[in-house]
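Structures incoming, each one as structure tokens.
What follows is chain A paired twice: with chain B in the first complex and chain C in the second.
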Partner chain A sequence: MGKPVIQVEDLWWRYEGRKDWALKGVNLEVDEGEFVGIVGPNESGKTTLVMSMNGLIPNNYRGIMKGDVIALGMNTKEYQTADISKRVGFVFSDPESQFLTMTVEEELAFGLENLALPVEEIRDRIRWAMEITRLEEDFLEKPPYELSGGQKQRVAIAAVLAMKPDVIILDEPTSMLDPIGKTEVFNVLIDLRKNYNVTVIVVEHRLEDIAYLADKMVLLYNGEILKVAPPQEFFDDIPFLLEHYVYPPEIMIAVHKLREQGLYSGKIPLRFDEGVKILEEVVKG
Partner chain B sequence: MSYGLAIEVKDLTYVYPDGTLALKDVNLSVKEREFIAFIGQNGSGKTTLSKNIAGLLKPTEGEVRIFGRSTKDMRIKDMATSVGYVFQNPDHQIFNMTVYDEIAFGPRNLLLPEDEVRERVLEASKIVGLSEEYMEESPFFLPKGLRQRVAIASILALRPKVIIVDEPTTGQDWKQSIEIMEFLKYLNGLGHTIIIVTHEMEIVAKYAERTVVMANGRKLLDGPTNEVFAEHELLRKAFVKPPQPTRAAYALRKYGVRQDVLSVQELVEEVIKSFKRSQERRTEAGLNTESAH
Partner chain C sequence: MDPVKASAPKKMRRTLLGYLPVESPIHAFHPIIKTFFLLIISVYPLLIDNPEWNIVGIVAMFAIFFLSRVQLSIIKFYTTIMLNIFWIIFIAYTFFGGYTPGYHVIARWGPILISWENIAWAITVYLKMFFAILVIIYFLSVSRERDVILGLRWVRLPYVIAYMIGLAFRSIGLSLIDFNTIREAEKARALDLKALPLTHKIKKFGLYIVPLVALALRRTEEVSNALDSRGFKFTGLRGYRRTDYLLSKYRFQSKDAAALGLMLAILAVLTYFRYFTPLLTGQSSALLRLLGSWMGVY
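Right, the complex of A and B next:
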């Protein structure tokens, strides 16, 4: 793994008008090319944490900040969000909140035109981003609101990717989607993981897929980071996750219970199929 | 104990104004006090069916009867007190300036006297766990979990016998999902018939006694949840993925693992039983070999 691209150093944040701190002394380092999954119950500070990574916090929200966040060498207190965003892309959970234009093509070109790139370069980048997100050519003329939830979210991701950011942050990209939409978006994440050296930071409740995609898992709870570990280690302590309202995939819980009973002594499976194999070994006796 | 019929759907066909055929010849009977899940992929007809039951849509052909009366003959006021529909996005439903007015809106439309309106608002708020301090706040500025409760309370204040909740757990975390579902279970215990429309199979497995699977506008499966989830081939055609414990049991079927498991606990028990059977067979085989010598 490469050099750190995001450094969060003893970060405290309190929204104006609130008496509780949303983040309380958070430290986190994300390295170049890493895939990081951030989990934790709602209201635990996940969105606040990722918004602090591209400068949305403190620059676009009112509140009190202590500590520092350094994104690609830029201290977020000293740079504008617009500048940081060119290199740290952000995808919101509700894609409609980020659409600004009337067609998918305009949506994808919007950020690029603001970079004042040549037309040819814009065209190439749009084609490239559409390929990764598996958007068909004939989508270009459509208004974003005519698309399905999964398609909209892929357009939102493509618009961010087209900027060729070093880091892409996705805040619950699948939480409002149906199962097909969720799968579509996860396929894009899998592709990014496999074929592109972009750093991905994703906040996600659905752990089934994150478990085997992530290099590093982060548990945020009540404004504090309680655990940072590679998935194998992160999911090893199932009761700890359950105590903090993080519900691991049920196959992991089943294997954990068999381990407690002494019928299995190996690792917690990160994939469903691995879990079934473990159960099969136990059943065979 | 047997209960009366709450809902009868007879040969229901529904065509949207743009010509889309959303439901074709659907039949369904629901008894009072049932807890049912409607599942199926988007476009399968599950939401159209639930809106027909709530009287928000009227059948193109066939009919829907609520406690014996056809929805075509019922007035909005009668509908509202028999079937309540909670929208997937609480913001599609919330429009008043305070939580109190939001919950009071329905009862006021029933032209109830203001003291009874107040009684119903407080009762509904208490059931959903909204304390009085929220009553004068704007519902729009509450966290999503609480907005969802306001939406449910505003339906409860009408005291409908049947409550339909569209995607009760979307955008909620696990803890909030369990809270909402436990609350629906509590209402079910009070005598309400509950229908949830959802994609969350763990939630269906945990809470719904009966599951209706919709596919292409038709009812594909209808029965006790554990039996429905055991229909792997049909579910695959409907693009429905049963919960992990059910799928794991299916993968282990050749070892005699029971096929109607829904929960982790049941799966683990079944695996341990099969393990013991294997051990016994081995011991027997061992004894046989010994005696042969």
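Right, the complex of A and C next:
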């Protein structure tokens, strides 16, 4: 992996008017090209943590901040969100509320116009981003709010991707989508992982999809990072995850139970098909 | 005709009032032409008092609707409004239009005098308004928010102002979505304002407004975050110029210049007729004279 692109150093954050700290001494380093999955129960501080990575915190929210977040060499305390965002893209969970214009084309062009890129390059980048996110040419003239949930979120991802940021943060990008929409979005993430050397940080509850994509998994609980590990190691301790309200895929739990009963001694499978294979072998004896 | 082609649904493009076929000839013009259409043509009825000329304008508008392939059913939605406007104007001018010595009184009910001049004026004003409303409906039927924004950018309005107007359009859409969500949630809990009498509707309206305002505040925060996250600064881009990609997609062509020239030429002619000839006045109207003679005034 490459050099660190995001460095969170002893970060404490408390929202104005709240008694409790949302983040308590968080330390995290994300390297160039890494795919990082952040998991944790509700109210554990996941959104707060990722919002601190592109400067939304502390610039757009009132509260008390201790520690530092350095995004691509920019200390978020010293740079405006708009400046950091040119290199650290952010996709929000609600596809509806992140649209700023009335057609898909305007939506994709908006960030690029802010970058003051030449017209030809904007045109090329729009085409490129649409290709990656598998959006059809017909969509360009459509209002984004007329699309399906999955299409909307792909437009949101395309709008961020087109800016070619070094880091893309996705905050629960599938939480408001139906199963088809979730799959559409994950297909885009898989493509990004395979074919583009972009750093991706995803907050996600759908662990069955994130487990095999991620280079690194982060467990956030009650504002603290409890575990940072590669997926294989992260999912190895299933009871620890369950204890902290993180529910691994059923197939992992099933294999873990076989391991507890001494019927299997290998690794926890990260993919469904790997798990099925293990179950078959155990059944066959 | 190819049966597949014949049965294929028409490709439509969303507009402010509905949908317009993609092949509508109006799309061939620069978006600014639509804005100019609204700004220039809506002045015509202001210059014309003569009902016949306003009727010509109304007929021309229907022809433009037809040529632009705007579904005329759109106008049907506004029939009730048009009728209401007619009755309001008719009652206001006929019964409460006042009296000036020399008016031809047709009937008298106590202090209320019904004069021919007030009836004639009601007809004149209504036809002016009908013409103007058709112009507005046409504009809304063929324009998208994007056309309005492009128009504003084309006249070199500062980007932030043009964008704020665009964001206002977007906010209307978001508020409508939120309003529907709240309404569905209220319905799911057995509150349906449709079934209630008006007084109860007004009383219960707070049940919609309070969550709507709360949601609007949340949306403000979300939109503000989304703006910052896409590199937008209200202070502008210091040191370099923001690219206008969308505007670069449109070129003001000779046909646009011709359309604009035609609209301005008609405006100039109407202005001349209005101020230097009696042609557009109510007194020159054959229709009003005919109606007047039918009522025994002339």
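To be clear about the criterion, the second predicted complex is superposed on the first by the 285 of 285 C-alpha atoms of A that agree within 3 Å, B and C clash if a C-alpha of one lies under 4 Å from a C-alpha of the other, contacts with A are read in each partner's own complex, and residues count from 1 in each chain.
Note that in this section a residue touches a chain if its C-beta (ideal position, glycine included) is under 8 Å from a C-beta of that chain, and two chains touch if they have at least 3 such contacts.
These figures come from a predicted structure and were not determined experimentally.
Greater residue coverage of chain A by touch, when chain B is weighed against chain C, goes to C.
By the touch criterion defined above, A:E106 reaches chain C but does not reach chain B. In the superposed pair of complexes, A:L258 makes contact with chain B only, with no contact to chain C.
Of the two partner chains placed by the overlay, only chain B lies in contact with A:S175; chain C stays clear of it. In the superposition on chain A, A:E250 makes contact with chain B only, not with chain C.
When the shared chain is aligned, chain B comes close enough to touch A:H205, but chain C does not. By the touch criterion stated above, chain C contacts chain A in their complex at residues 13-14, 144-146, 149, 166-167, 169-170, 173-174, 177, 219, 221-233, 237, 240-246, 248. Partner chain C is touched in their complex by these residues of chain A: 51, 54-56, 59-60, 80-83, 85-86, 89-90, 92, 94, 96-103, 105-106, 109-119, 122-123, 141-143, 145-146, 159-160, 163.
By the touch criterion stated above, chain A contacts chain B in their complex at residues 41-43, 93, 148, 175-176, 178-180, 205, 245-247, 249-251, 253-254, 257-258, 261, 263, 272, 275-276, 279-280, 282-285.
Those residues of chain B that touch chain A in the shared complex are 41-42, 143-145, 170-176, 199, 202, 239, 241, 243-245, 247-248, 251-252, 255, 257, 264, 267-268, 271-272, 274-275, 277-279, 281-282.
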